[in-house]
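Some structures are shown below for you to check.
Both complexes below contain chain A, partnered by chain B and then by chain C.
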Partner chain A sequence: MAAAEPPSSVRKVVVHLRATGDAPILKQAKFKIPGTDKFAKVIDFLRRQLHRDTLFVYVNSAFSPNPDELVIDLYNNFGFDGKLVVNYACSMAWG
Partner chain B sequence: MEAQKFVWEGAIPLQIHLHESQVTALPPPPPALILAPRIGYLPLLAPLIKPYFSSTLPPGVDTIWFDYNGLPLKWYIPTGVLFDLLCPEPERPWNITVHFRGFPGNVLIPCEGEDCVKWSFINSLKEAAYIMNGNCKNVMNMSQSDQLELWNSIMNGNLEAYQRVSSKHKLSTVDDEYTSLCLPKAQQSLGETNLTAQVKTDKCFTLRDALKILLPELFSDESLTNVKLSGVDFEDAVRNPNEDVSSDKVLEDQGQRSYKNPEAGNISNSAEIKLIRIQGIEPKLEIPFSWVANNLINPDYFLHICVYVKVGQ
Partner chain C sequence: MDVLHWDGTLSAKDFRVGAFAFSQKWESLNSGFPPWVWVLSSKHPWLASPEEEGYLSLEKICISRPNEEDIDQISQIDTGEEEIGCPGNEDVIDDATLVQSSHHELHYCDFHIVYSSTFRVPVLYFRSYCSDGRPLPLDEIEKDLPACSSKELSKSKWTFITQEEHPYLKRPWFKLHPCGTAEWIKLLFLSDTAKPKFEVVLELYLLSWFSVVGQMFGLRTPFKISN
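Right after this comes the complex of A and B.
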């Protein structure tokens, strides 16, 4: 996800991945992702890293955003302290 | 609350054609004629549609999806919004194509059935609650049976049941408060107290005022940056940059929000709003925004505003 960064005016968003319940904790939990990427990319990234197809992914321990939503929009609305907090769990955590 | 009643009773007449690739018997089956609730979602029509075509479908797993003129339709967008957005000249009946195979997973997020739609709806509701209240406790505290009742009220178009459950959990909000909370980013750029005060004292915060904040570049004077209004689903706004639009391009642009794109400045110079549609209505821009927000929102508390923008060549 944090691949070679092109010199662009695309704003990057810092995403902080937090494990919930008995979900495995990632070695590297903070990433930068282009704001124009969809949330689906975060979900796919988590699925690949954790080798799991079934994952429940939330923002601010509150709700699961639509995978089509742009990361920059999620950050602008729900981010704080300069990052977007994304929680992941192996079973449904918040309804 | 008469307006809400009209919205809930609103429906789109659909003429649903089975995609030719899925017709296994000739003559091809006639299209299904279905009246789809505006506030509903297309996949929820599956139980009505399947019987029409079951005799002609090849065997196997059915994952339903729809397209309009080749454009795969995002199933989580309410039917009414899709119609308002994709048909500048309202097409009655609306001719769409149904597929039961070949789900375009690279373009659409999967939808395996009613539960998927319900999950999407509940999360939308939580997102709206979070925007309005800073948390979604009121939705989280709903019992399973209340959640189910709320969902069923939408599936059945039962406004009374919906209002019963939503007011019980204080999902409904007071006019002024709602209006100010609808524009969280605007609050941050103008100062929280300023906008709230403006809304409370100035009864004439109109739809035009709201649109100026949402799409500043289309009103030429202001230059607010980084404005995203989450209480309002503005993804729709840039779907139709040109009057004649190819289906592929529209899909690509779906995710782009032109007011974040650095090139937006160039586009906006010659862009003008041609049409605004909310719940099938073309409202006068002088209407108080609080009325629009309270009466024309969808059950998930999102207000969908469809904007047609003409961009100069």
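Right after this comes the complex of A and C.
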């Protein structure tokens, strides 16, 4: 699936957002994001799309990444089949 | 144990196994941090217990956020002579003083991972203090936390942070309330398409758990796990 790479050397990561638990499913659930972006960008995107401040966000292998992690690092460790699956739920992590 | 029908909780023995696995992984992956130490302790030291009881401890972690406005406050330097005979001047002129900003004060945090036999899950106990040992109240600790944590805290802190007696040390500590833990732990593990065996779940349980609770304090959980 060789898409034309942009002239810059920044590699983009394909992210699939996956609703779990009681979370609403997004109409646009797949997108590309520069690997050098922080995971915080994905979390913020989700918050804005779902109009929710508190979200429970996690990736494969039962791990919830710190917002400061780089997307490319997460892809390298948890990516599968050319994409990074990011799960989200609306349940409260606390209490 | 069938993971599909698992309720997200651990037995005390599972917790001990999981705790050792966690501390080993943490140490091998995270050279920047001190290791988690297992502290042997008993809630009822007068009873002979065949099982090792205890908790995980990570202490004296500096959690102060660098303050961008961290400048030494210098009060007005004056010649020190009082101006007499100028009734209009109501300022008291200080001797020249250099006042160290209190922003230089560092805050530390101790974390203990303790097993709750009521909820059958790990619970994070914490306390924070200055370099002179003075304990910090929650309002002070809040200022050291990442922005999204303090937002959550300001909304509903007393629903999930309580101050209680540490089950082993018998002193007041704060704890993150565990009543939701089993539910979100289940979500973490059962959404994984790989559907791991319980032995694998146990190996990863505390690492996964800490990846969530550690974020409250901006602590980064290592994840370069070799599969």
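Note that in this section the second predicted complex is superposed on the first by the 83 of 95 C-alpha atoms of A that agree within 3 Å, B and C clash if a C-alpha of one lies under 4 Å from a C-alpha of the other, contacts with A are read in each partner's own complex, and residues count from 1 in each chain.
Assume contacts are C-beta pairs under 8 Å (C-beta built on N, C-alpha and C of every residue); 3 or more make two chains touch, one makes a residue touch a chain.
On a predicted model such as this, the values are computed, not experimentally measured, just so you know.
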item	value
Which superposed partner A:77 touches (first chain B, second chain C, both, neither)	both
Partner chain in contact with A:53 - chain B first, chain C second, else both or neither	second
Which of chain B and chain C A:67 touches, first, second, both or neither	both
Chain B versus chain C as contact partner of A:89, first or second or both or neither	second
Chain B versus chain C as contact partner of A:38, first or second or both or neither	first
Shared chain A contacts, counted only where both chain B and chain C touch the same residue	60, 62-68, 77-78, 94-95
Of chain C, residues touching chain A in the complex	146, 148, 151-152, 156, 159-160, 176-177, 179-180, 183-185, 187-189, 191-194, 201, 204, 207-208, 211-212, 214-216, 218-221, 223-225, 227
Chain B contact footprint on chain A (complex, rising order)	9, 11, 35-36, 38, 40, 60, 62-68, 70, 72-73, 76-78, 94-95
Residue numbers on chain B that touch chain A, as the complex places them	74, 76, 109, 119-120, 122-124, 126-127, 130-131, 135-136, 139-140, 147, 184-185, 226, 228, 230, 254-257, 260, 262
Chain A - residues contacting chain C, complex	18, 20-21, 53-54, 56, 58, 60-69, 77-78, 87, 89, 91-95
